[in-house]
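Please find the structures below.
Shared between the two complexes below is subunit A, which has subunit B as its partner in the first and subunit C in the second.
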Partner chain A sequence: MRGVRTRLPAMLLVGLVLAAVIVLVAVAGPILWQARADALTGDIRQGPSGAHWLGTDALGRDVFWRTVVATRSTIEMAVAATAIAAALGTFLGAMIVSAGPAVRTLGDRVIDLLLSFPPIIIALTFTAILSPGRASVVGAIGLAFCPQFARLTNRLALSVQERDYVTVARLLGVGRFRVVTRHVVPNIAPPLLVLTSVGFATSVVTVSGLSFLGLSVQPPSYDWGSLLASGLRNLYDNPGEAFGPAAAILVTGLAAGLVGDGLVRHMDPRGTSRPHRAVRRSADPPTAGDASRAGGAAPVASVRDLSIRRPDGRELVHGISLTVDAGEIVGIVGESGSGKSLTALALARLLPRELEWSAAHLNVNGVDLADPAKAPPARLATELGIVFQDPSSSFNPALRIGTQLTEVLRVHAKMSRRQAHALAVSRLAETRVSSPELRMRQYPHELSGGMRQRAMIAAAMLPEPKLIIADEPTTALDVTVQADVLRLLKQINTTHGTAILLISHDIGVVSSLCDRICVMYAGRVVEELSVEDLRRRDVRHPYTRALLAASPDTASERDGARLVPLPGRAPAAEDQGPGCSFAPRCPLAVPVCTEIVPPLVAEPSGNAVACHVETAAAEVRS
Partner chain B sequence: MATTAAGAPAVRRGLARRVAGSPWAGYLARRLGGVVAVLAFLIVVTFMIVRWVPGDPARQIVGLTAGEEQVRQVRERLGLTEPLWRQFGTYLRGLAHGDLGTSFTTGQPVSSMLSQRLPLTVELAMSALVIVLVVAIPLGTAVGVAQQRGRARVATSSFGVGASVIGAMPEYIAGTVLVYVFALTLRWLPVQGGSGPTAMILPALSIAIAPAAVLTRLVRNETAAVLSQDYITMAMSKRLSNTRLLLRHVVPNVVTSTLTLGGLILVALLGGTVVAENVFNMPGAGAEIVHAIVRRDYPEVQGIILVLGLVAVLINLIVDVTLGLLDPRVLTGARS
Partner chain C sequence: MTHTDESVLSAVGVSAGYGSGPRSRSVLHDVNVAVRRGGTMGIVGESGSGKSTLAQVLVGRLTPIRGVVRLDGTDVRRLSRRERFAARRRIQLVPQDPYSSLDPRMSVERTLAEAIDPRGRLRAGAHRERITELLESVALDGSAAKRLPHEFSGGQRQRIVIARALAVRPEVIIADEVTSSLDTSVQAEILELLLDLRERLGLTYVFITHDLAIAQYMCTDLSVLYLGTVIEQGTTDVLTRPAHPYTELLRDSRPDPSGRSTPAAAGGLATEDAADPANPPSGCVFHPRCRYGPRTHEDRTRCAVEPPILADLLPSRERRAACHYPIKAVIQDEEGP
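Right after this comes the complex of A and B.
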């Protein structure tokens, strides 16, 4: 990442150029133009003109040149104040870190305390002690901003100290102070540099502010702040007199701010230019096979020819089809990136906005989802329950469990608070959440992980949906509670007849729970089969076989304790070739595999497989 | 807050225990401990202001030309002749009775000067606070949501630049611009002084503009962060109306994370009042402290810093309690 960005960000460049100009003016100003700035003329309080670009002040002096000459005074003070703040703050912060734990705690507290006061009030206090004047203002501002440097140093140094090389240095008996100067400081310098430029911007503003208040330079000396104060008094006669110093302060602050922001961007790899992605629409033929079984009761969910595309046009899911019958548990299994979760999200109409999708048919329990306008929110919310992957992040941390559980019932089923509450409590009890009344009043962080997932299942169950989509419901959980949650899903399926679409990367989980399994690979269904066949290891597709061999739950006796990990990795959407996407990893691949996408071909058993070699073999068999 | 009125029998039984064991007890105890520490610090610092003055503060007050006798009198009035710990005792006793000493320049008790001037300062800070919150929270949320949905791209992408430019504008420049535009050019509002709500508008705005811009950007970032959270997907699965989704699930979380980061911005408003009162010639405590510093009126400086410090402490405490109310996780430290 370093190598990619040798170019400085434009922001930083503009900031540095501006800063250089300002420094130049600060150095040259008093040498070249002092006479012009101090020349008294008869034209007092004149507005801007060709002779006096920003007009004149109450004594007829040229405002533009006074502003230019004042640059040095202000910049000197701001630089000095920033230097004091940075040096003292960094030193204190480093001292606190390298001191013992008692001093460290105390130091932290004191820094917190100082940070809780506005810096200008701290600066005023010091100015009062040191009596008004240039030097005391510089000192006061330096002291007022030093807690911020101390805090940053402190934080950064602590995080560096926990790294290995510091521990090693300490084990080797390197002294505390030396550890800080040799190992810690070089690692924390860049963020401190950013704070220094931000601190400089603030110093310019505060230095000018105190001088504006009349606490800093005393006449006949002047700086931007005192010029602005006099400009405010003459604002009616010559607005230019205030404009000059105001613009100077703003531009200087802006330059320092740009340098600071630019440095942040320069050091942070995120947020700069994104990697360029080629835009090319893939021209896959639609997969021919539709493995949905004809006849029987209307399915609770059916998807036909679902495609999902990224904003750049890359297809992530290539025209897949899927059905879930009433009361059935269907599993979708595949590696991450296989499109299984996207398929589930599309079925729930929860795809991220930036993804485009299209489908010939997308239907949940008779609600047509393919046309967003026709999907009534109340039916969607009540006929489709969703169990999300990570229960610790999927409950809103700021709301009580009860509020979140009853929300759908109250909003969509128009239930009274009491009714909804009673129903939620009974569901929590059914999902074996202990003391449900108490849980209802608790916040998510007060529940254990397994408890939260059971509460989530209860939430999904509450409106008695026909279908529950469970997206990796056990992945984020402790092994000890995983089986428990799966059993709970099974129990719901048997007692309420709720159909379940289970998404998992774990073929063991899927084979223990589901009636029918779809295996997905690189955005396509590659095999669809009944759980009996799966358990008998009677699978067709080489990928499914590889999955079986790689899972501890399903690896056969013959494989022994030795698992066979699948070599290579699933292709990213970018580098999918024209043929079977599994070809690069497939032990059976033949030349045709890299040229033509194998269609999903249904077998008489109801199973289906998308593989050239397997399909040919089946034809030979029959 | 941890106990709701709806009392099932089980709740009533455990009520007493739950109040005692409520996370609030520990949280408030910790916060109040912090407040006490800050107060002690404030008292010591304000007490030491005169004592830390380099050289002889009494001589500085009366000037170089004054006689020795005058210097001695001033020293006595400052209480500098006694041993330090006796001086501190006297200071503490005075504080306990609300006695902050007498102003050198006016001869009035500092406490009565404060009771005249502080209300204006507090009113000004509060008005600015209201402006900041009323602007930052809705605007920041709106920009964050628009950005996430890819709407109004030009407006949202130029927003960041605009916010940083405005956010870097100090009160005295904002004030000068406001006076020029609204008071001198458009003549909508009084220039300086005056009374009533219209006199408060420009000063409050001058303080509020920069923090409002900074806070709006912060709210925008927090909104974007909240919108990408899993619990928002879960809330979306409930197919709530956009309004309900925003008000119920997004805004509370945005407000908490914003307050956690932005509490300091609100405290800084107090510093802004000092400047704004001087720009607009308002008779508040902030204008007075500048005069007091110039005239070396140490009792007044002491009193005003003590009181402004107290207000800062109070704002911090209010922010902490609000955070606790909005996000129960801060009570137990489950969220750092």
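Right after this comes the complex of A and C.
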């Protein structure tokens, strides 16, 4: 169907159709077919036949029509029970949220207690206390399911209330009631809808279950549950008699589930306009690698023509090459989405499973890792150490620091417990973790952020790797702690000769620590230069220049100069054109820039730049 | 408080915290901050220094335990209900995270309409012109109005948040780490936008940041917070020529792109992380980390016992520092022959 703008998800459509049919049957059933369902015939306990599609019961009544007519009774009861549960539960949950701390704690405990009983037990108890009958069953099931609604409302409302947009709305003078109706309710509605649909399905089952036990509708009225009960007694004479109500219960539950799930998907603001798949693929993979440095010490890590792709084939990193020499500190600087972290993860063979990658050459300290199909050898764990951005999630919170530090040594270096402990303590002391012996016995949460990051560096240093990959190691830290961690990395580099690959978005951090810097933009290295040139602001690529002009760190040194924002934004992986990815934002762009990807061209100084305009200018100069 | 007369917003002797009873947590201790009309007061400090708590107090979200918040010299507690509603709208907050500060289910248009008309008294279409104007003022296209927040990048979202704050024609905007989740180039855009708006609309900012370079770039005045107390205050030369050892430590901790070695590295005392805010040290709260304090100068035992008060150093230049032994260079330079 073309021309339909807001497409309903298929599952919602199926669910809605099913639900509509059920509602129609529930409404029309008793009006149209009551007579057929109640008509007594002589054919008792017949199997399915042309005249009676599901056969007949003990009194010769048609099972199919009885199931159809019973729909209203069951659906009515289930709807009423779900409505009671949802209304009462949501109300209670909301009350608990808005109450004071004492009531909130008490309310939470009571809900916990109620939730620990299966709802059917609660419903049974209530029904037994009240006398059996339709009304008491509805009330009992409503009460039994309301704690679930209360709990969910409570949790959701609490989390939404802490959102900044609710805070800001209050500051703007939006009244309490309006905040609830405009911000809180719409944002907690989808999960509540799912619960309602699940609750309805469960109510149908519970209503039928209680009726099956004879606690609900009393003869001569009937519903699916009582039909099922009598059908079960005649199961051997006419299986159809049990099949009818059972199938009805199943289909109703299915419809409720489909509608609930479908609605949620339909209501998600992100779901309505997914980025459409682009058709075009970037044509020619660029041939970088011209810039791989000749001579010097043997590299501890080198990669050539590394490409990383998403499962849909979109390329995130486009054939980049990189070497880290022994004892060298190399920085990769770039903004989010530039592929800097992916490159680092690929070196350590730690890319997320769903990403595909390939490289002409990938080698870390003599270990060949270029084959994506081959698992990296265990030895890799001792060839390189990794320090991640978030020190709070890189340790296992349930294990003591000591256990985690000594693990590597005992597994890979086959050290004894005591040896490993001694080495770990000395490493902690070396990374300036205060009272190292005490820290070994502590859990990660007992350390401050800075201490944890130092401990993480100690952990990375334990197997004496030749290379440490540090991915934004100081981004989560305070500036004073950052300064210390950077000094620490420098010190490790000088005393142990460990090479470091530092990934950062902060050009200031990179230029204060690194010897050589790669600037990445949209999955490519656009410039490679020595730190001296960067400090002198002697940069070639227009992007590097723009980055310097936009960062207040360096701008503040030029008296009174304003920051120069970079126009536009970095292209997403799906809308990259065939040429230089920076061309649309580049002040120097010429027509060729949008057509051909500029190769990374090495200069005599050892620096390299990927820019048509710059390369042409350099040729003119020489 | 010499500034009180011309200051549009000020916190006077404010102590504040969270919770009550035995589990309460005190965060700010006797903080004095006066925000000059048309100026930008930078609040800098490390995490746990109480920067965001101070923002909450200034914006009226958190009632101080002691002390008062003054708006145009009037204690906000003395205002009537209606006056307080109006006062609240004069001070707007731009929170840090542009992802959690926009309701994901409300279009930009509805978000702005709510800010213009929080009680929903006018019909929905009445604000169209104003909305277009607001979007233009933050350099967003009018077509943005119909879209939902998730369709925008982080920088664009932050523009929308700023537009929403401008919708009520505020006098003071409290910007709480507004660029810390943005990329460098986008950060520059937002900072320039804020500077531009300050000029065009005559706004006053309270600018909370952990990034000293940004503070120096954006602000006219600075207050340096450490463990909930203001330890130094003055114009932005606080950062270029600090009088308090902590401010000096902050300055020297900045990654130094020129590659010169940093003086603080020599002392090595910076390795002590900030103390636990719940359990601050005795005397001067900074003394365990101070390179001029009792750790290096044995005669300076006073630091560990007697809390220094925030005192004027240079009456002419509006510089205050809470230190028994402020760094002399600042004073001598000013008073030199």
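Methods note: the second predicted complex is superposed on the first by the 439 of 622 C-alpha atoms of A that agree within 3 Å, B and C clash if a C-alpha of one lies under 4 Å from a C-alpha of the other, contacts with A are read in each partner's own complex, and residues count from 1 in each chain.
Everything below uses one rule, namely that contacts are C-beta pairs under 8 Å (C-beta built on N, C-alpha and C of every residue); 3 or more make two chains touch, one makes a residue touch a chain.
The shown structure was predicted, so the numbers you read here are calculated from the model rather than taken from an experiment.
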Next item on the list: Give one of first, second, both or neither to describe whether A:437 is in contact with subunit B, with subunit C, with both, or with none.
Entry: first
Next item on the list: Please work out whether A:495 is in contact with subunit B alone, subunit C alone, both, or neither, and reply first, second, both or neither.
Entry: neither
Check: Counting only touches as set out at the top, which of subunit B and subunit C does A:511 meet: first, second, both, neither?
Finding: second
Margin query: Output check: A:569 vs subunit B and subunit C. Expected answer is one of first, second, both, neither. What do you get?
Written below: second
Next item on the list: Mind working out whether A:551 is in touch with subunit B, subunit C, both or neither, as first, second, both or neither?
Entry: second
Margin query: By the touch definition at the top of the document, which applies to A:484: first (subunit B), second (subunit C), both, or neither?
Written below: second
Item checked: Residues of subunit A contacting subunit B in one complex and subunit C in the other -> none
Next item on the list: Write out the stretch or stretches of subunit A touching subunit C in their complex.
Entry: 163-165, 167-175, 178, 182-183, 186-187, 269-270, 273, 335-336, 432, 434, 448-451, 478-484, 486-487, 505-509, 511-513, 531, 534-535, 546-547, 549-556, 562-566, 569
Checklist line | Of subunit A, residues touching subunit B in the complex | finding: 109, 113, 115-121, 124-125, 127-132, 201, 205, 208-209, 212-215, 225, 228, 231-232, 235-236, 239, 242, 246, 249-250, 253-254, 257, 261, 348, 350, 353-354, 377-378, 380-381, 384, 386, 388-390, 393-399, 407-408, 411-412, 437-438, 441, 443, 445
Checklist line | Touching residues (chain side subunit C, partner subunit A) in the complex | finding: 46-47, 59-61, 85, 88-89, 91-93, 95-97, 100-106, 114-115, 118-120, 148-151, 153, 155, 161, 164-165, 167-168, 183-189, 191-192, 195, 210-214, 216-217, 249-250, 252-259, 262, 264-265, 270-274
Item checked: subunit B - residues contacting subunit A, complex -> 4, 8, 10-11, 37-38, 41, 45, 49, 52-54, 60, 148-150, 164-165, 168-173, 175-177, 179-180, 184, 229-231, 233-241, 244, 248-249, 252-253, 256, 264, 267-272, 274-275, 278-279, 289-290, 292-294, 296, 298, 301, 305, 308-309, 312-313, 316, 326-329, 332, 334-335
